[in-house]
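What follows is a set of structures for review.
Two complexes, one shared chain (chain A), two partners (chain B, chain C).
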Partner chain A sequence: MLSRAADNIFWLSRNIERADALARILDATHRLTALPQASAGTTNEWQSAVATAGCVTAFQAAYDEANERTVTEFLAFSPANPASIRNCLETARSNARAVRTALTGEMWDVINGAWHRLKNFDGRNMTREEFARFLAFVKEASLAFDGSAFRTMLRNDAYWFSRLGFLIERADATARILDVKYHVLLPAKERVGGPLDYFQWTSILRSVSARTSYHWVYRESVKPWLVADLLILNRQMPRSLASCYENMSRYLDDLAQFYGRQGNSQRLARAMLTRLDNSTMEEIFQSGLHEFIGSFIAENNRIGGAIAEQYLV
Partner chain B sequence: MRIRVAHETVYRYELPAKSAIQLLRLTPRNHDGQYVVRWRIEVSEDCRLDPFEDAFGNLTHSFTVDGPVSELRIGVDGEVETQDTHGVVRGSLERFPPSLYLRGTELTRADAAIAAFAEETAKGAEDALGRMHALQTRIYETLTFDPDPTHAATTAAEAFALRRGVCQDYAQIFVASARHLGVPARYVSGYFLRADGKVAQEAGHAWAEAHLSDLGWVAFDPANGICATEAHVRVAVGLDSLGAAPVRGARFGGGGERLAVTVHVDQAGRQSQN
Partner chain C sequence: MTSKLEPVAFDEMHAPDGSVRSAYVALANWLDQVPKDVLDYRRREAEYIFRRIGITFAVHGQAEAQERLIPFDIIPRILAAKEWSRLARGLEQRVKALNAYICDIYGKRDSLRAAVVPEELVYRNPVFRPEMNGHKVPHDVYVHIAGIDVVRIDSGDFYVLEDNTRTPSGVSYMLENREIMLRLFPELFSNHRVAPVESYTDELLATMKSVAPATAPGDPTVVILTPGIYNSAYYEHSFLADKLGVELVEGRDLFVKGNVVYMRTTEGPKRVDVIYRRIDDDFLDPLVFRPDSLLGVPGLMSAYQAGQVTLANAVGTGVADDKAVYSYMPQIVKFFLGEEPILKNVRTWRCREPEHLKYVLEHLAELVVKEVHGSGGYGMLIGPKADAKTLELFREKLKQDPANFIAQPTLALSTCPSMVEEGIAPRHVDLRPFVLMGSDRVCIVPGGLSRVALTKGSLVVNSSQGGGIKDTWVLDR
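Moving on to the complex of A and B:
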């Protein structure tokens, strides 16, 4: 496959996954800010949402204050933000159009349909209810996209590139949520989790749609170190860092087998998988959760770069 | 290098055994030089394979079989992608500080002969790494590979007295000597892709790892006289061959038993590294 085609497929999935992650972050933030101040605390959750999306600099250039209106507009609709939900879906559609013949009809219908429906949401003067409908639409589009890819694509390099884009973005999104919220997950002996913490932890789970999964896995009340365990090391959890790297290693290995040669991206991804496999939460907390997440994000970017260098340029 | 491993252990009992219990250290972990692509354990009887990690972090399975059973087959089939790290083992799971591996065991006790051999070998070398390399080379040169005189429970001292043995004996003599010189060392069980292209082997392979302060764990394979390469698939570690044994078990009833082991280690699909 031409690297240009591989590049488009990779970024197509990455953009769809990014739109989905943004929708979940916005949803969780809306819920958290709807709570009374006493429960939600004094931190500016809208500021956190921008940080989680990783576009603080661009946001500050465009707006003075982080509040519901500005953040919603910036993360969801702003044409000035290259990584807003609208731009993600539009870029995804142009990626898809460039490789239309490498996609199945079902996948194209999903993306093209989402792009058309996007025009119904102008982003100005939306009520909260309308905005909730918009977020539901974005999540549905990403579910339909993954579903159509899973059900219809040939398992060859095109499929593997699409999964790699999706997994790199997914790992990045989970890590950035942890990066912004790590301070509420640190085990503090003297502090008993009050309502503030409870809502913060639940909000983290919601932003990766894992609130029910959490209770299935741990069968107890929400505890910060278990939230961290679920999002970092638990392979059952499809958004956890370990699960992303388990699958990335597998798809990179499939690619290596298919092309008959392997390189840096395989080695780096396997090294990361090994590192996650051989870690325990105690060790991660001891050596610093924030440092761990920081180095993960840097390494994940590096692996994205290695994939690009090896296959996409 | 992509290595395909098929390893089968077959127990045949003279009389059907009432029940059997087995402990399997047959599943490799990932580390920087090794990625397990797929790995499966199959047992010929209906049973539940109970996975857990032993104290050293080895992936271990246990199972019990309710008989009567006259034949028990334990098969392993897997593929591992390896890279040459010049013997240096990085990214492995370490549950203990290296000093724990100075602890001697009955199988790896250095008697007077091994102690003298180790000290004499160490004389010419400048640093710990040099001493370990000298040890590896001298064990390789001194011993004769011979599967007949030794067995699974032969100690390092016994094998050294005979100057004969198999990879297990080579590795245990290395471990005993290194510990005598104050270098933490451990026994490694695994698989080895032979350079001569012989795919069917009588048994798995074994070698040793020594901990050096500047390099960390380094794998020495005295039976081949080389540091571990991409041809080595590392499965389990322990203080001696018993601690890293691939298959251990006991049975109730059954009279005499015969054990047959077949190991196939082959290169799967050639790839080039870029």
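Moving on to the complex of A and C:
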């Protein structure tokens, strides 16, 4: 297929996944800040949300203070933020228009429909209820998009590029949540906070929609190291770093087989999968959770670059 | 305001005595029975489908309306089998003559020597391409795809209004209109024998493959070249690529190496043999034409001239479709084919000729004045509808640059029943059938794009000026 088409499909999925991740972060932050001060702790959760979204610099250039109004506006609607939910959906539709022929009619319907519905939300003076409806709409759109891709696309290169874009974005989003909140997940003796952290832990789970999953997997009350395990090493959890790389590695191998040759991206992804497979939470805590996450984010970016270089330009 | 200058139009459904013409009998009966709210509901449904599929067009100079829906009139236009077969023969003749003329202009120039067409109409034509002189295109086909705009006037006879031999658009509407009608009105199709149009895309692909360069492999690679998503016809480009099963490329997806055109794919470079290009000559190759073009492919003309790739339509076909050349078409048909033209030309005054200019200036308020190279209904004067100030403005323009204009009588375009605010009423229509020319045959699918001026009394059918579209049925007996 055309490199440009593959590139658009890759970014189409990335943009949809990014919009979805932002919606979940905003949802979790709204929940956490609705708690009384005594339970929520003293950290500025709005500041954390901006950090998790990875756009601190752009935010600071546009606003003086991180609060509900400014952060919601910036992450959800702001035209000044190229990675706002609205811009992600707009860009996704441009990507889709540019490669309509590589998408199924069902996928186009979902994206085009979401883009039309987006116009109903202007972002100004929204009540909390309206905003909750907006977040629900974004999550529904990403579910419908993935569902239509899964159910209707041929299993060929177009499908694999779409999944790769989705997985690389998803791995990045999970890692960023960990990067911002790593300190509340450290084992008890090293912990910086107090019992209030319980709400922080559940908030992390909520931001990846994994509260119920957690209980199914561990069958015990929320423990910070288990939250870390779920998000990093647990392959049952579809947003974990290990699960993302299990699938990325598989789709990259599918591509290599389809095209009859492999390259840098296959090697790098396999190395990352091996590294995650051979790690335990104890070791990760011992050698430093923060450092581990930091190096993961950098390596994940590098693998994105390798995919682009190999196929998309 | 009605004036004596507005002639009575030919109505395609009703004869002057009020009786229904035979092709329309079943439709008229159906319209009598179907409740108005059912029609309203179906119209809204059609609009919803258009929006959902994303069938839109862009209007130049209207930033806020970047993607607009074209109004779709759900009442079909019907042509009887006999009417169509005569029209189709006329179209085939017309396109063969256009192609022979272009071939001659870049070849032997017999028609210029015989003074069929004045030389300056060729040499001073901004879209004449000296690069094509002496260049031999595969199978001598220049006009692979033509859109010939025809109208019916006086007794319902077909007249050609405009020949489009560069990159005519609208065929996706012809195909989508039919799809939507089949979905909305299956019962209507069961009591009409409507000739299908869906084979158009297969015919187009076969046409493209038939004109591949001799150097191409057995199964040539065809692509569609688009200026990109901001082009007003982008939907059509992607629609056609989808139906043909070929790649939709932009200039940046292609590159030329050793005079061979390649596209960049995820598996590395892949050779391209035939390019159905939907960008103008000017933008094709920045090394030869406009150097500021970002839409084209550097080196493309060199590969083309080396016979390594086919461009459809060929470069330089614009010499045949301006409105000054149009006025010579009857002579061009006779000269190249030795036949009488089947389709008539609308009477045309060429303002470049002093006698004609004099007449036009004296009768400005009755005439339609068009720019020789204009299209889309832009820069046009409709005398009977213009106020004194506009007339004066055009009078000056005409005096300053007469060669840039032609004039035609205000035509009473035929009318068809259309669904408008106040119910079903006659509205003026034109028709653009699409003609394909391959290595060994001409193919015309039975139908075309009918455009309708939805505003009462209006004669302007262009979508950029508020016109709508309707499905066009050719009955197969």
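Going forward, the second predicted complex is superposed on the first by the 307 of 313 C-alpha atoms of A that agree within 3 Å, B and C clash if a C-alpha of one lies under 4 Å from a C-alpha of the other, contacts with A are read in each partner's own complex, and residues count from 1 in each chain.
By our rule, contacts are C-beta pairs under 8 Å (C-beta built on N, C-alpha and C of every residue); 3 or more make two chains touch, one makes a residue touch a chain.
As the structure is a prediction and not an experimental result, all values here were calculated from the model.
Aligning the shared chain A places chain B and chain C next to each other free of steric conflict. Taking chain B and chain C in turn and counting the residues of chain A each one touches, the greater count comes from C.
The superposed model places chain B and chain C at 110 degrees from each other around the C-alpha centre of chain A, with the value given to the nearest 10.
In the superposed model, A:109 lies in contact with chain C only, and not with chain B.
In the superposed model, A:100 makes contact with chain C only, not with chain B.
By the touch criterion stated above, A:257 is placed in contact with chain B alone, chain C being left untouched. By the touch criterion defined above, A:157 reaches chain C but does not reach chain B.
In the superposition on chain A, A:270 makes contact with chain B only, not with chain C.
Once the two complexes are overlaid on the shared chain, A:2 sits against chain C while remaining clear of chain B.
With both structures placed on the common chain, the touch criterion links A:131 to neither chain B nor chain C. Touch criterion not met for A:201: it reaches neither chain B nor chain C. Fitting both structures onto chain A leaves chain B and chain C with a minimum C-alpha separation of 12 Å. Residues 1-6, 94, 97-98, 100-101, 108-109, 112-113, 116, 157, 161, 259, 311-313 of chain A touch chain C in their complex. Looking at the complex, you find that chain C touches chain A at residues 51-54, 228-229, 234, 238, 241-242, 247-250, 252-253, 263-267. Those residues of chain B that touch chain A in the shared complex are 29-32, 35, 37, 57, 81, 83, 91-93, 269-274. Residues 249, 253, 256-257, 260-263, 266-267, 270-271, 273-275, 277-278 of chain A touch chain B in their complex.
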